[in-house]
Amino acid sequence: MRNYPRKGILLEQNKEPGLSKEIRILPALPVERSELPGPVSSTPDMLAPYEIVSIAKEANIVDEIDGRRLWKKLAQAARESVSGIVVDALDDEPYISSQLAPTLQFPEQLHQGLRLALRAIGASKSSIEIYRNLFDLDTRIPSSIMGVKVDRISGSYPAESYARRRLQRNSTLVVGACALLFLQRAVYEGLRQTSAFVTVTGDCVANPGNYEVPLGVSAGALLEAVGLITDPKRVVAGGSMTGFSLTDPSTVYLSQTTRGLLAFAEEFQDMGYACLGCGRCTEACPQGLSPYFIYKVMQSHRKHHIELADADLCIGCGSCSYVCPAKLDLAQVMAQAAAYTRRRQTAGGQP
Amino acid sequence: MPFVIVPTLSLKAGLLMSAFLAAATIPSAVLASLVGRKIPPLFSLPFYGTVSTGCVLLLRFCVSGQALLLEDLGVYVPLAAFNGMMLELALVHPRRRVPDALHDAVMMCFGFLLVAAFLSALREFLGSGSLWGVPLTAPIRIRGLVLPFSGFILIGFLSALFRRVDSIIIGRMLHASRRTAKQGGDAV
Amino acid sequence: MKLRTQNPPHIRSRESSLTMMTDIVIATLPLYAMAVYYYGTRALLLGGFGVIVSSMADGACQLLAGRIPNIRDLSGAVTGLLIPLLLPASASYSMILLAALFGIAVAKQPFGGMGQNIFNPAAAGTAFAMICWPKSAFAYPVPFERLPAMVDDTVRLVSSPAYSLSLGGTPNIDLLDMLLGNAPGPMGGTNILVLLTCLIFLIVRKTVGLAMPAAFLGGASLMALLTPRVDAPALTAVAYELMSGLLVIGAVFLINDPVTSPKRTLPKIFYGFGTGALSMAFRHIGRYEESFLFALLVMNATVWIIDVWGEHLAHAMRRKNREFKTNPPVSEPAEQDVGAAQK
Amino acid sequence: MNLIVSMLTVLVSSAVIENLLFARAIGADHILRQTRSYRFIIEFGLGAAVISGVTVMPLWWLSQTFGRESWWNYARSMAAVLLIAVVSLLLTIAMAAAGRIQKPMRLVDQGAVYSASLAVVLLSLTAKMAFLPSVLYCFGASAGLAAAMILVHAGRERLELCVLPRPFEGLPITMIYIGILSLAIYGLIGHQLPT
């Protein structure tokens, strides 16, 4: 059993009640069907790989994990002849379950999509990756879905990026579950991707859950349609750890890669604490960096020892900010330090 | 000059120490301004060191009546020959004209005299409860003040205090000048 | 609608500086209870006096530095709570006053205040008081003798086991009494069992780590084992050495001061071990019976060297480790940029 | 064995107990300005050790012979200064001949070395030790001075990372830092030093 990252933080996953509810299409935001030209093939299993790729291109399906076009990924994988496909369904960020819920609720469609993708790249091995440390679930996660092995990724919070990097290293194609579902729809029903699965939750949302919403809807409209208890103070698009908060939700529009929309009622108030030097960020950092050291060095005028700290290895997971007892914005400092270090390296040691 | 603060536990010792410093500094500074450019750098330090040591020992011979104080100062007396002021004035920035050198040296020694007098009086009063050897009743007796480390800490706070006062004065001046400039701007 | 934006992450842990400091305050309360049980209510008076003085000094120094006084983080109060515990219960109020003033106004605030001080304020203040009043700082009242609010000459003061150890003799107090704190000594330093309970509480609350106290006690006991001062069975001698003086209370409160200790695990162990060994070694050389506080101050000065050394070590390990060398995945930098742009 | 133990005692006591910087504040004003790098500090300590160690040998013999006379009290300092000057000149020339000197040491640093060596030599003479201990004393005291300078240098590096109150920046905070350190050293030793 692979346990990575070695360090990192264990978050409480507030996925319920969103996960166990069935995925709904909001009546206020109907998803319009747009047919592909040409007939739907009666025997999808007989399709040639290039046909599958061309259908994916026609249906312009976008992979939600990295925002790339699915057909490009498939074609590249076919060229490089990768060994297998891993379905990325691990939502390791709290609140977000927009990959897990479709995986659990449309297993056979997912299986068909996976078979198509395998045919497209001419590979055989396949597995589905789901995060292990999910405590407060009402639904139990099966050990295999339609005969496809489910791989439980253990380890603490920034496990997804680590899993992705490991898979990229040993030449496996990582495809998001939603993309495979849309591929199945495109092939079996001849539909373009005109919608995305989004988790709408947070303590302001009336009935949190996973929704299939048409693309291009504004975040504000989606929140209205789902229904709010109170006016939110903060609206976050994306994950709760790495997403970004919106100034005006009515001007931000959902894309295929928007996996979550969170509305919180309370703000953080700044207590004006100074850095205690407790070193919790150093314990938490999955990359083995020392955010305390980098924070101190970035404070000083002449930045001694900055090249020691390897700030450019930061992956921006935000664990340091999460654990900081003084509520410092360490992730921002780390990003600045990373930019500074890259500048130094490009400038040959001199910023 | 901090190291000469440490042994100055009484007002007398402070004054004597500053006298030694003056004896070490002023002649070598003047000498540097006179013959400074004739001496090759390799030999300048031994030369000035010898001269200032001679002066210090001369002064010590003159004040050899104060046996107790000299006992207190002990090894610091010859060390006064190599104090920072002397090195600064004789080696680093030797002035070209004698009056300038004299002026600098005397001013520096006077400033040091003030600091040493203040600190040693404070330490004698609060530390051992007397002043100029005359026993007094101090409000609170802090024995730690007669120990070396308190010399460092007192210097630190004193210089911080001076800086604060300086910054306040400079800030006032800046404020005043800005105000006048602003009025001028309004007039224009 | 217009909302306030803020950088990721959008969820934070519930722990804060306030909770950490509150844990330490809670951990000191049982010690004060024991002190009241042994010495009477004067312990509470001393503690309250220390807290008031150091908090007020903290606020005043922040005012002088031109900042808004912020004593919410309780750091000054913790200093004021710790200082009386390190001194005898018969300590005069002027001692507490001077120790607190020295700790706050010399060892903490000139360095920039909360979180930036190099030396532990409580340790520095208490060390200063010990040096100023060596006699009254090392003469302890007898347990179960009620002390008046104002200590005068009628109070019977005795020397502590640490003193007899420093003279090379075995204390005439059996180990169980020392374990329970029924022995003359510093107000908070004697009752070992309560101290260990506090340590367990702090470790369970994750306010302190296990590494430093363990390494500290290990280093001290190793040193005591190698260079015994009394001709007793080895383990007995080690037990006496550990339970006399300020070692255990230091292991609970002073070593774990987050500000003045290293950050990574290996440097923490090194620091703790060095402090323990140094304080035990200077019990031989030094004249005072208690050398822990001074050893702690000396080690505090070396923390920066230890930290940079730890960074060098981690740097070398990262270089050796292939996994960290791969570039970060494509998604995170984009989100970083967006977050920065939103800010 | 006994001899080795006593030698070690001399070394340790001269390095730690009678530490030139923390216990006697000798050379503090130079150090405050000139702790530039660990390398410089090491060179400084080595130079002081060699110069004082070589200088103390003839001086010890001289003080054995003339120790009684009253004028020796004065002549000792002068002789020490002259000897230190000669030895350091010889050392400089030797190192220059060996090609170890890239750039000559600044005059102020030379002055620092002078005063440090002078202090070491005079102290080891006032201690009235035997011959070998007084030489060892010189080495130990120089090593202690270097160690103290390293501590001060580390402290200044650490202080660069702090947001200090403005009046305390630079010299004052360094003095307070040294003060607290020497408090700690004094407490470890716990007795008043003879000057």
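Observations
For reference, chains read A, B, C and D in written order, and residue numbers begin at 1 within each chain.
Following the convention adopted for this analysis, contacts are C-beta pairs under 8 Å (C-beta built on N, C-alpha and C of every residue); 3 or more make two chains touch, one makes a residue touch a chain.
The structure displayed is predicted, hence computed values, not measured ones.
Each of B-D and B-C has its own count of C-beta contacts, and the greater count is at B-D. Look at where the CA atoms of subunit A average out and do the same for subunit B: the two points lie 68 Å apart.
As a whole-number value, the distance joining the C-alpha centres of subunit B and subunit D reads 21 Å.
In terms of their C-alpha centroids, the spacing between subunit B and subunit C amounts to 39 Å. Inter-chain spacing, taken between the CA centroids of subunit A and subunit D, is 63 Å. Residues of subunit D found to touch two or more other chains are 157, 163, 168, 172-173, 176, 179-181, 183, 186.
Shown for subunit C are the residues in touch with two or more other chains, namely 106, 110, 116, 128, 131, 308.
For subunit B, the set of residues touching two or more other chains reads 144, 147, 153, 156-157, 160. Chain pairs that touch one another are A-C, A-D, B-C, B-D, C-D. Remark: subunit A residues 11, 65-67, 94, 161, 164-165, 168-169, 220, 231-236, 238, 240-250, 262, 264, 267-268, 271-279, 282, 287-290, 292-293, 305, 308-310, 313-319, 321-327, 329, 331-332, 335 touch subunit C in the complex.
Against subunit D, the residues of subunit B that register as touching in their complex are 1-3, 5-7, 41-46, 49-50, 53-54, 56-57, 60-61, 72-79, 81-84, 87-88, 91-92, 144, 147-153, 155-157, 159-161, 163-164, 167. Taken together, the subunit C residues at the contact with subunit B in this complex read 94, 98, 106, 110, 128, 131-133. Against subunit B, the residues of subunit D that register as touching in their complex are 22-30, 32, 74, 77-78, 80-82, 85-86, 88-89, 92, 104, 107-108, 110-111, 114-115, 118-119, 122-123, 126, 166-168, 171-176, 178-183, 186, 192-195. Residues 157, 160-161, 163 of subunit D are the ones that touch subunit A when the two sit in their complex.
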